[in-house]
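These are the structures, in structure tokens.
Across the two complexes that follow, chain A remains constant while its partner is chain B and subsequently chain C.
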Partner chain A sequence: MHGSYFSEIEKGDIISASLFLIIIFSIILSLVILKWLFPKRVSTSLLKGLIVASGILTIWEILSFLNLLNSVFLPPPSRIFSNIVYLWSIGFLQPQIFSTLYRLFYAFILALFSALPLGILISYFSRRFSYIESLVNAARVVPAPAWLPLSVLWFGIGHASAIFIIWLGCFFPIFLNTVAGVSKAEPTQVETVLTFGGNRLDVLVEVILPVSYQHILTGARIGIGIGWITLVTAELASVDIGAGLGWMISDSRILLDMTTVISGIVILGMFGMLTDTLLKKLEGLVQGWS
Partner chain B sequence: MKRLSGKALSERLYRSFLAWSLFIGLWEWSIYTGIFKSMLLAPPTVIIEKMLYFLEKGYLQINIAASLGRFFAGFVIAILIAIPLGLILGLFKRLYEWIAPLLNFIRLIPPPAILPFAIILLGIGESPAVFVIALGSFFPILMNTVQGVKETETIHLEVVKTMGGNRVDLIRHVIFPSAIPTVMTGIRIGFGIGWLVLVSSEVVAADSGLGFMLEGARNLLETPTIFVGMTTICILGLMIDVFLKRIERFFILRKGGGYLTYS
Partner chain C sequence: MAIVRNSIEQNTEILKMGKLNERTLTSIAKNAQNGNHVIAIENVSKCFFVYISHGEEVITEKRRWFSRRKPCELVALKDVSLNIDHGEFVALLGPSGCGKSTLLRIIAGFEFPSNGTTKFKGEEIKGPDPKRAMIFQSERAVFPWLTVEGNIGLGPRLQDMSSEERKERVAKTIELIQLKGFEKAYPKTLSGGMLQRVAVGRAIVNHPEVLLMDEPFGALDAQTRHSLQDHVVRIWQSIDQTIVFVTHDIEEAAYLANRVVVFTQRPGQIKEVVKIGLSHPRMRTNPEFIEYRNYLADLIKH
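Entry: the complex of A and B
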């Protein structure tokens, strides 16, 4: 049974390898044609990136096909691709993606709603901030994963402790950038609003928010990056057992299932790129306003 | 970016001292009055006592040496690869345009996710952790080096070209000096990410180091030891951060202008 198992995989590979290459080249070809037809609609950098990536994937595939790479340790792209499709089709992948994203956005939104008001509030009392600046600095240099043991002790193994450290990872970049952004507001502008009979809220809406928008969004982008790293750490350390892409990766490593490990890494990279691109787009949009 | 005068500095020291003593006093007080259980929050006096005990036994030194050794191995590898590569990519803009999207994709994979892959590929031991730390601090340095090289003033380049300088002169006397402040910012951000990944990989999979000490203490429910580990990480992080900020400020002041960014 075992012997035939391996030969079956290899037989399957010949078909899926060639199929995979055909799929890649048809995608690139259609994109090139689209680019030729509508030069403005297709982004050049995306096309260039895809061409380079497909070149690397093709070389990787051919090297695996010629048995120059050990396919147990470095499985060919076609097998990774078909593994992702397989895991999706049996409904295993969706809950992992969902719980990972749920955790990330839960903590991120929590961080946004705590760091923004706190940052703005503390900048109002900017003279007082110098008192706690060194405390904040000391808390900032302790990386969020270092809080993991303590968080497990406080909140127990489960959802809450994972959320706590991801929140902590997102918090400081957003908070510090908010403080930096608010400090860009010029005193003369603030005083002008106050002289014309505006209250504190008017100052916030008319002066402070327009000035600090960009800093805050940059902070959010850095924060979500740190949040991703912390999230994966929490899942690898099995803080919240039984679901999540990080858990999937560490579980497959124990089973030496390299294909699923790499599938998880690729999916994480894709979602990381998605959140980063979204926040960058938002930054560009806001830049257009002001 | 002005230097603090003596009076302002002493004012600042006084303020931080006040905040710290209030913070630590409240912490200690809240445990003795029973607001927090000492199993969940170790009082500062116990932490200091435990720390001195560990220092005496040499347990803390071993873990600090393991963590720092791992960290600097990864960090130095990252610097040594990222700066030359960044120079090349910054000089050959065509090449960078082609590779940038792929680099962007790899940059956004959380480094700890690569840890299981690295463990299978490189075996259990020091090398997976070093690899992952290097990967984490690699991209900020690379991206900032490329940025710094791209931001070189065209006039400066033209001047050297007019005076008959060749490519090597350009790189040595114009591009590299003008890129250094940006590179230093990248190194400082890279330190932050590398430090994060170090702790992360030690908490997840290691048999020595400060992160391992934390995780081991958690398993034994030794709350003071957890706090000792966190305090040590905090002090080391602050020291390296202040050191890198000093260097960065030195280069920025030397170039004149520029700005510090928060990471």
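Entry: the complex of A and C
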């Protein structure tokens, strides 16, 4: 299957360089006009960001067009764009995206459900975090992919070991931020709940969770970011399934298909931005009081 | 002229308040006769162990297991006996670090005496109880993530009160602390004085029998402190309850309490219990008040 899509892209680009530039400029122009017509509807930061991005893309495209950049090592944006459209149209891209997201969220939710209770338990009920702090710090600085040989041995080649690696990447930021968040609860706040007839569980619901909420979300954001980072390495372990954006990138690398490599990078970047923005929105939801 | 007018005003005020004061005094006397003290503290001592670890003092209640160094023993309270009756307004006054806050925390049930017994209505104090509500000094004790309404409703919510009764109580309390119109406000938008009123309201909404206050107005400016003191007196008169108040401010103790318990330097012992025979509302310019204040100041000094 690889051979076929590799050659077809080389044969015919869906859109040419000039068409790509026209599309970019028309988008920017229409946004500028919209901004001029409805100044409050279009955000300035979005417009500025788009202008900078399109400027870089334009320079890149022109340099490639003038043969100043080797298109084998760094293909022009128009080809990357048409490659993404092509891979989507033949139905190759969708399963990769799906299996990557599935793996990431599987591991992320596992990490949430393991790191949160553990962090709350350790920092709240025992208050003896110092005993395991150095151990946790030692485990934290080991890059998750270093566990790959072990995880392949334990879980075999496939989904499970990929998920284990991503889980390792997500776990520590969430865990450590939970611990930090719980320690933000002041003794007087805990005692306030106790003096009004609350028990330990009430303390958890009324004080610990509201206090550590933002820390936990920050941990989740960092965690999912590291999850994306470990993803590509983790998918090396799932060769036999042959799916995932990370797998697509490493497979295309062997075929020297840089267009698909960069397509994978672009899609990863877009989804990474999406998850980050979503979690940021969640963080902003409850900021009425702080 | 001004002094004369002041004293005339003072006298008429005393006449007005006379009835209420008489009532409280008789109820106190009755309770004392029956021996039904609301809070009975007998020979209470409290020791802490102080360790020096990494250049910092660590205060613990129990001896540490693995410590090679011998801890320094810190006696916070020594043989304190005190009975508090229903309807009393007692101030615990002393220099900082004399153990008065520790005594309050023992009454609240957060800490336990090393020696001696503490009883609440004849029963030993075994832990925190909504009947002995505590008001903390820290401004962050008012939860910043809840509105004024939510903060005041905290106690009733924790005690599983029905939502109707809860609403009614919260509304009444907000009226009592004069914060109407601020029900939906978050603490960050309130001033320090308003925050302390919320803290008071959050305690009295539970209808506690004893209100414990740990230097609640220590961090406020003089103006706000005076108005809050009047608030507390008004609340104390309108709902029939006992207040135990910790302070290091001599004037505050003389202005509020009808009994001031003066502590010595550490180890904290009761030096003298001073009855303040003035009725509320008191005048800070009243010669008798100044006499009491000077007497207390002398006690603290020597």
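Throughout what follows, the second predicted complex is superposed on the first by the 265 of 290 C-alpha atoms of A that agree within 3 Å, B and C clash if a C-alpha of one lies under 4 Å from a C-alpha of the other, contacts with A are read in each partner's own complex, and residues count from 1 in each chain.
Everything that follows uses one rule, which is that a residue touches a chain if its C-beta (ideal position, glycine included) is under 8 Å from a C-beta of that chain, and two chains touch if they have at least 3 such contacts.
Just so it is clear, the structure is predicted and the values come from calculations on it, not from any experiment.
Novice: Scan A:204 for contacts with chain B and chain C and give back first, second, both or neither.
Specialist: neither
Novice: In the overlay, answer first, second, both or neither for which of chain B and chain C A:188 touches.
Specialist: Once the two structures are laid over each other on A, A:188 reaches chain C alone.
Novice: Tell me the contact category for A:48 with respect to chain B and chain C: first, second, both or neither.
Specialist: Touch partner of A:48: chain B, not chain C.
Novice: Check whether chain B or chain C contacts more residues of chain A in the superposed model.
Specialist: B
Novice: Contact-wise, after the overlay, does A:17 reach chain B, chain C, both or neither (first, second, both, neither)?
Specialist: Neither partner.
Novice: Considering the complex alone, what residue numbers of chain C touch chain A?
Specialist: Result: residues 108-110, 127-130, 132-134, 136-138, 140-141, 143-146, 154-155, 158-159, 186-188, 202-203, 206 of chain C touch chain A.
Novice: Given the complex with chain A, which residues does chain B contribute to the contact?
Specialist: 12, 15-16, 18-20, 23, 39-40, 97-102, 104-106, 108-117, 119-121, 136, 193, 195-200, 203-205, 210-211, 214-215, 217-218, 221, 223, 226-227, 229-230, 233-234, 237-238, 241, 262-263
Novice: What part of chain A is in contact with chain B in the complex they form?
Specialist: Per the touch definition, chain A meets chain B at residues 45-46, 48-53, 56, 73-74, 130-135, 137-139, 141-150, 152-154, 173, 176-177, 180, 219, 222, 225-226, 228-233, 236-237, 245-246, 249-250, 252-253, 256, 258, 261-262, 264-265, 268-270, 272-273, 276.
Novice: Spell out the part of chain A that touches chain C in their complex, as residue ranges.
Specialist: 186, 188-189, 191-198, 202, 206-207, 210-211, 286, 288-290
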